[in-house]
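There are structures below to look over.
One chain, chain A, appears in both complexes that follow, with chain B as partner in the first and chain C in the second.
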Partner chain A sequence: MSKLLIKEKEIVVPGEALAEGMDYLPGTGTYRLNDKIIAKRLGLVNISGRAIKLVPLSGRYLPKFGDKIIAKVTDITMNGWIVNINTAYSAFISMRDATSSFIKKGDDLTKYFDIGDYLRAKVVNVTSQRLVDLTMKEPGLNKLRGGRIIKINPQKVPRIIGKEGSMVSLIKKKTNCNIVVGQNGLVWISSENFDNELIAEKAVRKIEQEAHLGGLTDVIEKFLDKLMGGKK
Partner chain B sequence: MTYKKRLDGRDWEETRPIEAKAGNIPNADGSAFFRIGKTTAYAAVYGPRDLFPRFLKNPKKGLLRCFYNMMPFSGMGDRVRPGASRRSKEISMVMQKSLEPIVDLSEWPNAVVDVFVELTETDAGSRCAAICAAAIALADAGITMKDMVSAVAIGKVDDKLVVDLDYQEEAYEDGPVADIPVAMLHNTQEISLLQMDGEMTREELIKALELAKKITAQIYEVQKKALKDRFAQGTEKPKVSGISKGDDKNG
Partner chain C sequence: MDKEIKAHVQQLLKQDKRLDGRKLDQYREPVKVEYGIAKTAEGSAKVQIGETVVTAGIKLSIEKPYPDTPDQGGIMVNVELLPLSNPKFETGPPSINAIELSRVIDRGIREAKAIDIKNLCIEKGEKAWTVSIDICPINAAGNLFDAAGLAALAALKDAKFPKYENDEIDYKTRTTKKLALSQEPLPVTIIKIGDKFLVDPTLQEEKAIDARLTVATTPDGTVSALQKGGDEPLTIAEVDEMVKIALEKGKFLREKL
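Entry: the complex of A and B
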């Protein structure tokens, strides 16, 4: 006799029992205690078949192989750059992974990236001790010039991007902005028009705040139409 | 035998009104407000983040650090001297020990999670309020936790077992007073904090712990509600939630 104690998409807190009996399986964010499945963090319930997992609502970014993130240069070493990636650990971009152009021995690295620059990079290695290596040798990975950086809850990034990028392309189309969303919760917004940048930022903030609610695309579309309606 | 009725008119097994709220400090990664009677605790959680000084780093798992502080105006009329004291250091330590069994920081080697608890108003039971607030704030910060922890003080005034003593009762003069702050995990009912001030017999202690089970379960419900209300339909603005006569002046 197995029984679900919660509903799909319900918000649960740590220690809350999600299901009773051995017919359900604990997924990410949950564990089994005797015959119960218990939540291990604050999150939204997602039931797929027999497995129960939690979609986190808050928390720091944990670096993962293959993530495309936005990083800020904090220091320069002999052979590369140390960058802040908006988590508990800093990351490293070595000289050879940073640009395709040839860097001479003893060259001044600030010529390429200076302290304070924002870069778009990809995680290529994460060790058990969370030493993170990044690369920029891939199309679309470069230094971010101009624009603004805003910080959002990293757990809300999938909603900002939307299904196959639908949400972010909606904002791009409506506001005429260039937007780059890093998996680590940094968003870069740039536009020739200052007001549009602000509107795009507002939209991103709104998505962040209402990420756990349904029907978000329509809400944002109306929101953007309203804000952009006044001009053009 | 002279203690026939509680000084503030509560039942023997009744706590003071409890209110709780999550996410009230936007700048923090997680935050909470917890008030029981006239004891008010604000907790803010930062991290996981880089840890300094470096010798504290643990390459196996992240560190949990707690800071308990009473504000200068929080006492019963006397100014509380600001800064760390022997007492606040001890309470920071017992808080840390009572929260450590539930938080799982194995994903965050070398990092730290800082929990700051400020008490704006105190009327006994402040370490229990601090632990309750810290537990909500940790959950709000999205830290992996295997359980929730709730704390309450059980005591004996004269010959009566009472729940959640206030300062008046702690200072009761016509008989012996004992006071036991207890923190309990919700699912396993393991005890993660147990201190005692005063004297009690073995039988009374067992009774007191049974009582603690019942009361911490009630407090867990308040903590749970505070976290759920944070994400209530339509807004992410925190709402006050509580049990018994919780007035909405903080709403």
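Entry: the complex of A and C
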């Protein structure tokens, strides 16, 4: 007879048995050992039907095809830019993927992106050797000018974005900021008004800290209303 | 490098604003000092300024005095920038930053004559106490100078001599005899970005520094050491202004001891 050993939303540690019996299926972050399902990481349990999934509490970003991320230029090569994407492996943007404008032979590449610049890019390929290729040839993918970059726990990114972007658009609306959330845990915040920029950062930090709690959107809405006070 | 963040910091400073919303002469919260964190050291302290955490330990040993100063003990300051405290730090021989940091702390304590090194002599030309101050940042998130200086002073205040009998030191037994401090020098670093002076820079602000001046002062307002850094020059009027800020902020930090 199959039996659940834990409750929904419980925090489990690696090696902890989550369920007994073959009726349950191991989802992401878990594996099967004999007839038991065991946790692979430290995280919250999510039971959906027969599948048991684990939402990790922390951990590095792993590049995935199609992710929109924020990258920092670390080096310039003959045919493109090497960028840091906040993961264990460095990524590459080739010249043809970086810009739609024509780059002449022997042109100075720092004219386009210099070392230290932040770019918004999309992952187009992750090889088995974990070489990551990026592209910027899509609307909305460009160099990020001005503003500030903050680093958050990559596992909390889904909470910052919210359901269909509800959370991030709430902050955008309330504080009048431009916000770009990269899947790799970098967030870019920019605003004409500096005080609003600061409030937006505080809101993002608060979400990161309280990501495991329910009803977060209401909490953040009240939080933002309080900080913004009467101003617009 | 980091042109964007530099431009952003400079632009904000024009409106007298900082990235984290602090005032120009405001330290990060909390500023905390914890004594006696290491049992094996004769004196130790942990200092937290905002996210920056620095530990310092004092070791007392008996060495032969240098031939030119046979009646004096010694002071040694060593800073090790641990790779765990910042991704930019590497293992290996001390970097130029670690050397500068240790020398600034050393000079502040030595030139204020905080430790009476003649008192440390046990037998002229043969034996004298040497005070080793070891500083390790646990999290280097900006303003290591002030945090390290505060930690070194706190650790010195915490230090007690070990038992010394028949030419042997028993490190396991501590006496109640404290290491006598005649002065309490404390460094305060003031940085200049554009034409603005600010204290306690974060890592981002440190990237935008034009010039910096570390001023070590004693409670009575004596300046015991200065160290200038950064690429831009400073005028005499600017140095005067910075020393004034350092004296005021030194008082603030002293309250935390």
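As a convention for this text, the second predicted complex is superposed on the first by the 229 of 232 C-alpha atoms of A that agree within 3 Å, B and C clash if a C-alpha of one lies under 4 Å from a C-alpha of the other, contacts with A are read in each partner's own complex, and residues count from 1 in each chain.
One rule holds in what follows: contacts are C-beta pairs under 8 Å (C-beta built on N, C-alpha and C of every residue); 3 or more make two chains touch, one makes a residue touch a chain.
Quantities reported herein were computed from a predicted structural model and do not represent experimental measurements.
Trainee: State whether A:82 touches chain B only (first), chain C only (second), both chains, or neither.
Mentor: neither
Trainee: Once the structures are superposed on A, label A:141 by its partner contacts, choosing first (chain B), second (chain C), both or neither.
Mentor: neither
Trainee: When the two structures are overlaid on chain A, which partner does A:128 contact: first (chain B), second (chain C), both, or neither?
Mentor: first
Trainee: Looking at chain A, does chain B or chain C touch a larger number of its residues?
Mentor: Between chain B and chain C, the winner on chain A residue contacts is B.
Trainee: Which chain A residues come up in both lists, the one for chain B and the one for chain C?
Mentor: In the superposed arrangement, which is not itself an observed complex, chain A uses no residue for both chain B and chain C.
Trainee: Using the touch definition up top, name the residues of chain A that touch chain C in the complex.
Mentor: 114-118, 144-149, 194-195, 198
Trainee: Help me check something: in the complex, which residues belonging to chain A touch chain B?
Mentor: 11, 13-17, 29, 31, 33, 36, 38, 40-42, 56-60, 62, 87-90, 128-130, 155, 209-210, 212-213
Trainee: Looking at the complex, which residues from chain B come into contact with chain A?
Mentor: It is residues 29-30, 47-50, 59, 62, 102, 104, 107-112, 139-148, 185-188, 220, 223-224, 227-228, 231, 233-234, 236 of chain B that touch chain A.
Trainee: Hey, which residues of chain C end up touching chain A in the complex?
Mentor: 1-5, 7-8, 11-12, 15, 17, 19-21, 204
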